[in-house]
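Once you scroll down, you'll see the structures, which are given as C-alpha cells.
What follows is chain A paired twice: with chain B in the first complex and chain C in the second.
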Partner chain A sequence: MRRALSLILAGLALAASPAAAAEPKPTLPPFSWAYQPVGVDERGLWMEADDLEREFRDSRLLVRDEALNSYIHGVLCRAVGEDRCKGVRLYIIRDPSFNASMAANGMMQINTGLLLRLHSEAELAAAIAHEFGHFELRHTLEAFKRRRRSTDALMWAGITGGRNGANLQLAIIGSFFRFKREEEIAADIRSFEYLAASTYRAAASPAIWERMMAEYEASAAARKLKFRNARRPSFVDSHPTDMQRMVYLKALAAEHGDGGEDGVDGYAKALAAWRPQFLADAIKLNDFGGSEYILAELARSGWTKELLAARGDLYRLRGNPRDLTVAAQAYRDAIAQGATDPAIHRDLGMVLLRSGARADAATALQRYLALRPDAADKTMVALLIDQAGATSGAAVMHAESGAPAVSPGSPANAPPEPASGGSAVAGARALAPANDGSTK
Partner chain B sequence: MRPAAVTQSGEEERGVTPAVRPVLLAMTLALGCLPAVEPVAAKEKTGVMPGFTVAPSAKILLLRPRIRVGEQSTGGIFEPNADWTDQAKANMLAALDAQQAQLGNQVIMAEEPIGEDGLKLADYRALFTVLADAVERHQFFKGDRLPTKKRNGVFDWSIGPEIRDLPGVAGADYVLFISTRDEYGSTGRNIASIVGAFAGRSVTVGVHEGQAGLVDARTGNLVWLNSDNSMGGDLRTPEGAQRRVAQLLEGLPVHAPPVAATPASVAAAQ
Partner chain C sequence: MSLRGGLLAVLLVLASPAIASNTLIVAGRSVAVAKSAMTVTPDREWNRILSPPAPNEVWTIDGQDLNELDFFGGIATNQSLFGEKMKRRSRPQPFFNATMLITDVPALLENSYRALININVMAIDQIEPVTFAGHQGIRFTYGYTPRDEVRRKGEAHAAIVDGKLYMITFEAPALHFFDAGIAAARAVVASATVAATKK
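This part shows the complex of A and B:
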C-alpha cells in the first residue's frame, strides 16, 4: 500500500509541478537580440547567472586579451551565424583543465585548457557551438526543472516509500543523470548541424574526443594506473563517454561528408602568443603523461621553439637524472631555433648544474643575467654561478690544506650548496616525488 | 534543506544493503540537494572588537549586498525568484537607510567601479567572504576555535588597511557588507513536512540566513560581525525588511542616538 502510494506521489511530482503549469511559455529563442527571460524559473536563473557573470567580469583569472577574445567570438559567429552570436559574452578563464560551459543568460566560459588542446578553428567552432547549443535549447532551464521534479519525487519516495523507497530513489537519480546525458548528446548534434551549415569542416569534431581518450590513457600510463576509456557511461555520469561521443560524431560525419575548412594555420596563429603560457599552466598540473601527450600532438607538424621549451620544463620538473638530459637538449634545441625568453638560459643552467656539467651551467646562467640584468632572482642566480665556478677552486684548496685528494668530478668533492642556490634546486626537486612512481 | 530520506537511517531502508546508502547519499548530493548540516555545539552569532562603538554621525559605505530570495522546492532545492529578490533589495536599502538615519548615521551606496578598481573591489568582496567564514568557523563555532581566538573578549580580524584605496572608501568611516539568503517553503515543501511528521521523518521548511559585517575604513579591521542562520522578517515587504535589518544589525554597538526612538534591539545591544 505504502509503495503504491509513493509510486503515485512520485509519478504526480514527475508529471507536473503546479509552478510549471502556471509558467508562461517563452516564444522567442534566448539568443534573440535584447531577449528578456520569461516566467519565474527562467527569470530566476538569469538573475543568478547575471550575478555570477559580474564575478567573472571582475575575476583576475580572465584572459582579457582583446585580440584573442574577438578571434574566438568571430569563430563562434562563423559557426552559429551572425544573427545568433551577437549577444554572447565570452569569458576566457585561465584554467588548464579541458572544459567550457554556457550559462542560462548567454555567458560563455572557455578554459585555456580547452584552447590548448584544440588544433584547428573547426574544432574550436565545434566545441563552442556545442555550448551555444545548450544555450539555444535552454538546457540550463530544462535541467533545473528536471532536477526539481526529481528531487520532489525523491522526497516523496523518501517519506512514503517504505522499504522500497531507496530503490525508487535510485531509479529517480538514474533517470536524472540519463536526462543530463541526453542534453549533452542533443548539444553535440546541434553543434554538428551548425558546423555542417557553416564553412567549417563538421567532420573535425570526433578528433577532439579521440585525442582526449588518448590523453587520459597516456596520463594514467605515466602514473602506472590501470585505465580504459569507458564504452558506456556510469550510472551518475552527466556526459556520454568520450568514446560514445566520438562514435556518434563519426557516424554523423560519415553521413555528411568531409568537406569544409579546418583553419589549422589561423588557429595556430591566433594562439601563438598565448600557447607558451597555456602550456606552462598545463605542465604545473604535474600530469607528466598528459602533458607529454599534448606536446607530442601539437608537435605533429614539427617541434617549434615554444614546444621544445615547454618540453624542457616538463622534464626538468620531473627531474630524474635522465630527464635532466632530455630537458637540457630540449632547451638547447629551442635556443638553436631562436627562443628569445631569457629564462630559458636560466632553466638550462639549472638543469646542467644538477647534471654536474658545471662549466656549461655557469655559462648558461651568465647568459641569463646578461640578457636580463635586473632579474628579480639575479642574486640567487649569481650565487649559483659562483657555486658552479667554484668546483676547481675548491679542489685546489683541499689539496693545499692536505685534505685527501679527490678528483673534482667525484660526488664526495662536491662543495656544499649555498643556502639560496640549494633551495632553488630543491624547489625543482620538490615537484618530482609525485612522479617518482613512473621510474620504479 | 533536508531533502529525501536517504540521509536518515531507519528500518524502512531494509530494501537496500547498507553499502548502498553512502552511494545514494553521494548521488543525492550530486543532484544538488544538500542535507542540512547543523553543528551540534552551540554557535555564537555576534562578535565585536572589544571597546568598539560606531563613531557618532558615521558615514557607512554599503557595498552591493548579496541578496538572494526564492522558494524552496518540495525536494529542497533553491528556486531563485527575480521579483522577490528585486523587492528585497529595494526594501532592505530603504529599511537600512531609515534605521541608520534615525541613529544619525549616513548609509552611502557604493558605486560600481570599472577596470582595475572593479577587480580590486571584487578581490575585497571575496576576501571579506573568506574572512567572515573563517570567523564563523574558527571563533563563533566553539568546537573548532583557533588557539589564538580562545581567550575571552578577543575579536582580532582584519582585511588590511589597503581597503582605503578602494574607490569611495576614502570618504567613509566604515564599510558594511551584507548578504542574505531566503528560501521560502513552497506548498509542496509544507505538505511534505506534514506528511513527513506522520511518517516519522523530519522535513525542515525554509532557509533564512543573513550575515552583516562592519569593517573600519581606515584600518581594515573587522569591528563587528553578525551571522544568523534563522532570521526573521520577510524582505519582500517593507515592514518585514525593517525587522530583518534590525536583526541583521543586532549587537552593533552604537552611540546614544540624537532622538529617543531607538529600535529596542539596538538599545539592548548597548
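This part shows the complex of A and C:
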C-alpha cells in the first residue's frame, strides 16, 4: 500500500511539475477591465468559453429584449459594483429549468426558469452575484486543474494501487466533489457579502432555497413520489443541498441583520412582459405540482389575470373532470380581470366542450374567432362551433370514427382519466450542477 | 470502476449493429406500421429505423436529422407518445387520453418534445380539420429549434379512432429538406388507413 502510494505521488509529481513550473500566477482579478488570461490553462479555458459565447450570441434560444437585459445588468452592477460588472456579458436563455452559470471569460447565462422563480430584485442580485463570485474566484479554472489532477491520480491509482486501487479511486472522486461543494459555499458567501455591502437586502437569499425545496416536494407529491429534502449531500453531489444552503445563509442573515431593499415591485415590473411566456414554458413541462407551487407563490400578493390564465392552462393540460372546472373558472376570472389575449376564449371554449357545456363553449369559441378572425386554427375552431351547436349528447371530434356527430356510449361519456402526469423539475437545477465543462 | 465502464463500452459497440438495424421499405407495397391497425403504401423507397423501446415507428429517406417520418399507432389512454413510464422521475411526459379533443393533440406532441428532448422553443402554427386515414382528424404544422440550433419544420396528421390516437408526423430542417421531402411524406399520409377495430 505504502509503495503504491509513493508510486502514485511520484507519478503525480512527474506529471504536474513541467506544467506547474511554466504556469504563471495571475495577478489581476478576472473582471479587471480588458483583462487578458494568463498561462496555458487560463488562456485555454477562455478560448473555449469564447467559442461557446459565439454560439450563444447567435442562438435562437436567446431572449434578446434589450430592456430586460439592461435591467438585469443594472441589478448585477448594483450588487457587485460598477467597476466589476461592466465587462460582464449577459445571455438570457429560454430554458424553464432553474439555473444560471458563468463561464471563465465573464459570460453569464441566466435561464428564464430562474427569472420566473425569483420574487425580487434582491433575490435576483443574490443569484447572479453567486455566479459572479465563481467568476471572480476563478472556480472554473480551479475545477479544470483539479479535474486534471484527479484523473491523473485516478489513472495512477488504477495502475499501481493493486487491491487498494479501487478504494483510492473512490477517495479521489469523493474529494473532487467535496471541493466542488466547497466552491459553491464560497460563492454563496461571496454573494452574501456583496449584497451586504450593497443597497439590497442580503437576508433575501435563504428564501430562494426555501421555495426550491418546497417546489421539489410539491412536484414529487403530485406524482405520488417519495421525496425528502436532503440534509446532507450525497457522495457525488456537486452542490450543497438546498437545505444546507438555506441554513447557512440564514445564519449569515441573522448575523448581518434584515436591512436593505427588496425591490419586489421593480422586479415584477421588469418581468411583466415576459412572465406569461415563462409561465407557459414551465407549465408545458407536465410538472403539475411544481408549476402549481410556482403559481401559488407568485399569487401571494393576488391572482393577476396572467396568473389566472396560466392556472387555467395548467389545469386544462392535466384534464381531469375537476381540473376542467377549475380551468374554466380561472379563464373566466382572467377575462373578468381584463385579459385581452384572444386565445383565452378559445382555451375556455375547449375546456367547456370537454366538460359538455356546449352552448357556452360555442359562445367562447365564437368570441375567439371574432377577436382573431384570421387565426391559424380558424377552420378547426369553426368546425368545433358547428358541432357544439349541432346536437346534444354528441361526441365532439374525439374518440369517434368518421362522422363528427354522436355515438351514445362513446368514450365521451366515460369518466375521463388523468391526461398527464406531474413531474420533477427538469434538468440541471439551481445555480446548479454544470452541464458542461466550461461553465458552472 | 473503470474496468466496468470499459466493458460496458465494448458491449455497447458489440450490440449497436443490432440496435440500429434498418429495413428497406419498398415503394408501392402496403405495410402495417407501429405495430398497429394503421397501414400505409409509400410511393417511393424509405428506410425504417428500428428503435425498440419506443412504440412509434420511424422512417427516413436520408437520415433522421434530415427527414423523419414518425408513425404513432393506436396510442391508448394513459400512454405517452414515446412510451415513457408514468413514474419517470426527471422527465415525465404527457399522456394521451381518449377524452381529449382532437385539438388537444398538437399540445400533446409539443409537450412531449419539451419533456423528452429538451425542446424549449416550439410553436404550433396552423391547425385545420382534414380526413386522415378515412376518419375525421386534423392536420397541423409546427416548428422548433433543438439543441443543434437547426430549425425544424413539421407537419402532422392525426385522428382519434375508437378512443386511440393515430398520427403521422413529418419533420425536417426548415432549410431545403422540409420542402424537398414533404411530397413523399404526404403520399404516405394519403395512403394511410386504419382498420376498424372491434371493441
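Simple rule for what comes next: the second predicted complex is superposed on the first by the 373 of 440 C-alpha atoms of A that agree within 3 Å, B and C clash if a C-alpha of one lies under 4 Å from a C-alpha of the other, contacts with A are read in each partner's own complex, and residues count from 1 in each chain.
The working rule: a contact is a pair of C-beta atoms (placed from the backbone, for glycine too) under 8 Å apart; a residue touches a chain by one contact, two chains touch by 3 or more.
Quantities reported herein were computed from a predicted structural model and do not represent experimental measurements.
**Q** Examine A:T140 and indicate which partner it touches, taking first as chain B and second as chain C; both and neither are also allowed.
**A** A:T140 contacts neither chain B nor chain C.
**Q** Is A:Q169 in contact with chain B, with chain C, with both, or with neither (first, second, both, neither)?
**A** A:Q169 sits against chain B and chain C alike.
**Q** So, A:L225: does it touch chain B (first), chain C (second), both, or neither?
**A** second
**Q** Pick one for A:T379: touches chain B only (first), chain C only (second), both, or neither.
**A** second
**Q** Check whether A:E48 is in contact with chain B, with chain C, with both or with neither, and answer first, second, both or neither.
**A** It touches chain B, and chain C stays clear.
**Q** Quick one: classify A:T160 as touching chain B (first), chain C (second), both or neither.
**A** first
**Q** Looking at A:Q244, would you say it contacts chain B, chain C, both, or neither? Reply first, second, both or neither.
**A** A:Q244 sits against neither chain B nor chain C.
**Q** Would you sort A:S291 into first (chain B), second (chain C), both or neither based on which partner it touches?
**A** neither
**Q** Answer with first, second, both or neither: which of chain B and chain C does A:L353 touch in the superposed model?
**A** Second partner only.
**Q** Kindly list the residues of chain A that each of chain B and chain C touches, one partner per complex.
**A** In the superposed arrangement, which is not itself an observed complex, chain A uses residues 55, 58-60, 154, 158, 166, 169-170 for both chain B and chain C.
**Q** List the residues on chain B that touch chain A in their complex, please.
**A** 3-6, 8, 12-16, 20-21, 24, 27-28, 30-33, 66, 68, 70-71, 73-77, 79-83, 85, 118-119, 121-123, 186-188, 192, 195-196, 199, 201, 203
**Q** Within the complex, which stretch of chain A touches chain B?
**A** Interface residues on chain A, with respect to chain B: 13, 17-19, 37, 40-41, 43-48, 51, 55, 57-60, 147-148, 150-167, 169-170, 173, 176, 235-236.
**Q** Touching residues of chain A toward chain C in the complex: what are they?
**A** For chain A paired with chain C, touching residues are 55, 58-61, 93-96, 154, 158, 166, 169-170, 223, 225, 281, 284-287, 317, 319, 350, 353-354, 376-377, 379-380, 383-384, 396-404, 411-412, 414, 416-424, 426-427.
**Q** Give every residue of chain C touching chain A within the complex, in rising order.
**A** Where chain C meets chain A, its residues are 1-2, 77-78, 86-87, 89-104, 107, 110-111, 114-115, 118, 120-121, 125-129, 134-136, 138, 145, 149, 151, 159-163, 196.
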